[in-house]
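Note that chain A is present in both complexes that follow, paired respectively with chain B and with chain C.
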Partner chain A sequence: MLARHSLKLPRLTNMCASFCTATAEAAAEPLYNRPKLAPTDYRTGETNTDLHSKVHEAKFYTIAPEIKKQLFSGGGLPRQYEQQVKTFTETCLMVRPAGLELINYIRNTDFKRPAIRYVLYGDNGVGKTLIMAHALHYGLQNNFVLVHVPWVPNWMKRPKETANAAQEGFIDLPFDAAAWLVHFKTQNTNLLTKLQLKTSKDYVWSKREATPAGSTLLELVEHGIARIKFASETIAALLSELKQHASEDKCKVMVAIDGFNAFFHPETRVFGDHKQRITPDRITLTQPFLDITNYNWTNGVCILTVDKIGMTEGFMESYMPRYLLGKEGFEHLDPFVPVRVDNYSDKEFASCVQYYLDRNWIQKTPEGFDEQLKYLSNKNPYTLMQLTRSL
Partner chain B sequence: MAVALRFGSNFLKNNINYVQNICRITDSYTAQIQASRNFGTEVTVKAAPLAVKKQKVSQAMKAYLERARENDEFMKTQKLEYQIGKRHLANMMGEDPETFTQEDIDNAIEYLFPSGLFDKRARPLMKSPEEVFPARKAAEFDETGRPFHSMFYTGRPNFFKLLYDIVEEMNNLNDLEERMLRRGTRADPNQKVDFTGFQWLTKDQLEAILVEQINDLEYTNFTNAMDRLVSLPFSYKSRDFINKFAKPLLDQTKQLEIPKPQFDAEGRQFVTTYECLRKTARGDVTVRLPGTGKITINGQDITYFEELQSREQVLFPLIFAEMLGKVDIEANVEGGGPSGQAGAIRWGIAMSLRSFVDQEMVESMRLAGLLQRDYRRRERKKYGQEGARRKYTWKKR
Partner chain C sequence: MASLTRLLERNLRNSSTAAGRRLYSQTQEEPAAGTKHEFDDEEFRVLNLRAAKQTDQQKRRVFKKEAALPPRHLKMATDQDWTAVWPGPRTFQPSSVPLPLRQGYTEKGAAPPSKFVNAELMKIPNFLHLTPPAIRQQCEALKKFCTPWPKGLESVEKWEKHFPIEVKSTDYCHALPTIRNPDARRVTLNIKLSDLKFDAHAKDKFLRLVGDRYNPNTGILTIVADRCPLRKQNYDYAMYLLTACYHESFVTEPWEQNKSEADMEYYSFERNKSKQTAEAIINWGIPTDAAKLEVSQDFAQTVELLINEGENEYNLGRYKEEVLKLLSVRNE
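And now, the complex of A and B:
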């Protein structure tokens, strides 16, 4: 509908003029005949997530490219958002109320107590993953060891390769496990070299290969990456070591798992013996991550999202945690802190539109276009992103 | 003779009569001769003295009288049958026959003989015989066969009389104009006949007035003559004459009555439109005036429609009337698919919004087609074809 509205003549001429003149000048000129917010109204220079508060709500803050590379090179941002980031040549995250709430909870946590589980839930495209990204950035800045799984359903739905595990009846996902180890390494190398955490016991992989007690966790990870066959077991070892170290107050651990409900899906697309679909608990990767989301350790925080699109057809009626996790999953997490993620508020919506205008992402601005966008998208961030692609 | 032939084969036998009548009028002497010649009995009768003249009813008149009598009788029996039928019908329906109106008859017929025929004229009906049988022209000549009308022999006396009248009016107006000019006054431009929003009677309507069949060319002549009359500067002097043949173009929005908003418990104005139809979807839409733009469709928000096209359909009347964010919408819709449901809601919103916008906006909404119900339905598949229109791929063999 927006595209079909003809632009008004003065604006058209204005746009033509801006094409003719140098881009810098054009940017300085008032391109749109509407009250424009100052950049400070929708952007904030505060990159320290610890200092984010109500003042910064609905504003965009920028993540430095090297930090983005460290945090999200192995996934963690939705693909289409990643594309937009590339187009905008900057990684900007909005400070959402749900994100602030979550960070505020973590900030005020008593880490002597058992790990608290936070479950982000909400409808499709409301920004659960990006709020998790915000929390991850907080974790990085506050020296948490990050145990981040970008998207669990990838393992259950699109495994790169499957192999029979050493344990009878279990399936290994060696490539996926190794990829996760690489991701873990890129996120945590700096911190782990500083902390110098040592393994507490010997790990014997085969007759000739073993990781002796007292070697660093980084060595353990590197072995897993080098010997893909043992990647899954390495993950199990790594996570139990991390849990132990955290309980001994040597480090703080932030577990962030996106699409956590995939661990409790009735079936996967992984085929076992006799071409039978297997359940997620028969995958060797499942158990370590369920262990680390248990409450029997301290100095940790778990941020989990439950997502409708993590499920398959027939299991997508509701986005509520109880429905998505099922009885088993719900009982595994109980008690947890639910954090509801909603569509944009009016303020957030206005700020997002301003950001898009600032990035010249929206170039057609007929009268009342923002109102139309608001009602058409129902203030859903993802729908807004899709709608503005063609504007 | 050629003139007489126009009356058709029935009258042929009277031709001699006419000719002789004419002869009698023009030259009684010839008649005398004819009479003396004793060609036929009739002729001798016509030439007879006044005492026998009352027998001289022309053959045409006789035939006409006969037909008129038959027609009267026919109509009488028809009327009687209609009255009896009406009473029977009223009894069948358990109503009082005395107060049974034509509307009741129509309803009863529709109830008793439900018809799936598309064309309304093809469905069963029971109407008063005056409406069913067309009116006949009264006799156009006296008992002696002499026409009343001076233009009788044109074949369409009423029509040509009308043309003459128009010219008469024009001549009068021209004379008037000349006189006025001589006196130095001009026509009042304020009083000029404004023909916008009017049109001439259609051919059918004109034929009904004239009780004569005219062809297309003649109708064009009529409209041209009327146009010329209207274009004269003093045409307002013969406004009455013009109005007899002009009818106003219907203004749709004035015809449709706009419902008055009601007030709900919170004191907000609201209008509910029931029977919002599109394809096989049907629903009802409530619009509440001081609102925040909240849209509720079957208890959900606008995400009820996953497709953007459908969302746009719902929002379009609001955007068009610039009421986005000013009213609340509640819609219940069932049946059909998303696009049908969205179309039904769109129509419902547009119809309800009429109560909250000014007349000008209503008119522009009508012109935009927002108030027009979309009657299109799915077209059936045809046998021997792949779909409604598409044929199977042609293969040589």
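And now, the complex of A and C:
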């Protein structure tokens, strides 16, 4: 026994020694010799999205707080990302290839032609919503009237309140509709006051209430917000007015709808008169948004995302657009431009890690941590964000 | 008379004293008189139970096992006619097979059991009746029944061309009192669908009529007829089925016009909303009386491919390319 112990001891001491030296090295050089990126390698000062090009790919650009407030105060950034933004005290979006592709398409669009529908698709957490946010910023900077629905499944899955609509068999979501009108107003007040778009016909809401022809769209929206009961009808009126104005070349409209496939889901969690689930087409909000995503107008661009999280169990096998939209949805959108959103490339990944280091979000940097993160997250942006929370 | 009375008197006198006693002593004394006679030679009789048997018993026959003959193969000549020894299929017989066969599992290092009383050798099928000389012999014997191969049917392609229908049936040969086998009536008819001439509607209808008798992987239609008792009847029935289905498929019934889009087997761009939309988009802004633009065939094909084959990155990528062409947008 003694002999065995004596044999073991030297090995143990060896191990101890090597361990100690390793820690010592780590302490001496917290960032081991990985390629360090200068701030210009992962950040760009170019806040004008119209000028974003291949040069800015994989770099972060900052959105000013007031712009962020205007664009996303009613939703539009994922909740986790919103928290991160708060922690980092700045709103930075990465210029992703899919975003650049989308902006290029919009830039090259002939707006005399029917509205083109772009469908962003991709696996969970690859950044579809943030690419849409990028596109929205582009729309804002290029004087598009924004028709932005942050997350359609919210209406279908957890509506604030339901009420029977004036139309037989239809269901209104008055609070959600009013909230959307508020969101629309925040995003577009500046532009709409400048454009002074007028309603083309009288809208009679009830015996005493009416919006006469010639009142501004902002008045229409404000009426909808004040009289929540008519909010859904106001949305229908507003969208048809916008479509008409765009077709008459008075304005450009960017429609951005996240979770668009929820409009074609076989069922909702909204209950009808007989306590049975109703289909999305029985919700009054559906039809106006389907109308505005139709091809039969000009000066418009539709950016839609299809997301399998928007579906319920049993309909989440694939993230491909035809599967998520179903037959009806596909027929409604066809021909659309599918834009695939992928996980980070190596360059984007390095840039993102560097950004996190810059924000002191990653503080422990043992040797090979970025390689580890790469394999753990599979370069998926959302997974990377979750993994680095504890680092 | 006087003597008679005297006799009676003496009897009565006796009876007055011992009449009652005599009445029952008589019964007691009689058996005593009998045994007295038996015991005269003063020996017990022996009850011999076996006496009868012993006399009748014969000697049990002893079966003598005949001494086993030496195995037959020891007497076999080396140039004998093997086909005569083993003319047909048969279980392995060690004595008649002049081969030093061994077969079976043993402990490691030991030789496998020899061919005698070896169940392993008896279990497995043998082909000792199908030796090359035996086959040669049988072929020679059959030759006189053969006719020359028809001219013009030298290759598979040729005979498939001239005889597109393949009919299969099975003859059974066995040792039973009856030579009939119920399975012999079954007739299988095979035909390649490409050998039949169809139009689009007829083909669709024919495939619906035959159902799972058609194998889409091989393109072969198989009709099995076994409902009639005789092979001839089944053959006729199979041919009738083929003929009837073929001709029926060319008939268009009035209710077939009601087939809607949901009933279609595959997606066709021509009859769908996608075509209307695409045409409306490319004809946007063109006056109604002017000539309409047609949607490119490539776009139609990619849409059909996307839906019929199911979506994957490749199909979706092609669709995207075609859409970009159709809408004339580009990614610089």
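In this text, the second predicted complex is superposed on the first by the 356 of 391 C-alpha atoms of A that agree within 3 Å, B and C clash if a C-alpha of one lies under 4 Å from a C-alpha of the other, contacts with A are read in each partner's own complex, and residues count from 1 in each chain.
In the analysis below, contacts are C-beta pairs under 8 Å (C-beta built on N, C-alpha and C of every residue); 3 or more make two chains touch, one makes a residue touch a chain.
Just so it is clear, the model here is predicted, and its values are computed rather than measured.
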Does the chain A-based superposition show chain B and chain C clashing or fitting? clash
Considering only the touch criterion stated at the top, classify A:R322 as touching first (chain B), second (chain C), both, or neither. second
Is A:P39 touching anything from chain B or chain C once the two structures are fitted on A? First, second, both or neither. neither
Looking at chain A, does chain B or chain C touch a larger number of its residues? C
Look at A:L387 in the shared chain and tell me whether it touches chain B only, chain C only, both, or neither; answer first, second, both or neither. first
Please work out whether A:G272 is in contact with chain B alone, chain C alone, both, or neither, and reply first, second, both or neither. neither
Answer with first, second, both or neither: which of chain B and chain C does A:P338 touch in the superposed model? second
In the overlay, answer first, second, both or neither for which of chain B and chain C A:Y375 touches. first
Going by the contact rule set out at the top, does A:N296 touch chain B (first), chain C (second), both, or neither? second
I'd like to know which partner A:Y105 touches here: chain B for first, chain C for second, both or neither. second
Chain A to chain C touching residues, read off their complex: 101, 104-105, 107-110, 112-114, 116, 295-296, 318, 320-323, 330-331, 334-338, 340
Residue positions on chain B within touch of chain A in the complex are 293, 295, 301-303, 308, 311-312, 315-316, 318-319, 324-325
Would you tell me which residues of chain A are touching chain B in their complex? 1, 368, 371-372, 375-376, 378, 380, 387
In the complex, chain C touches chain A at residues 272-274, 277-278, 280-281, 284-285, 299, 303, 306-307, 311-313, 316, 319-320, 323-324, 326-332
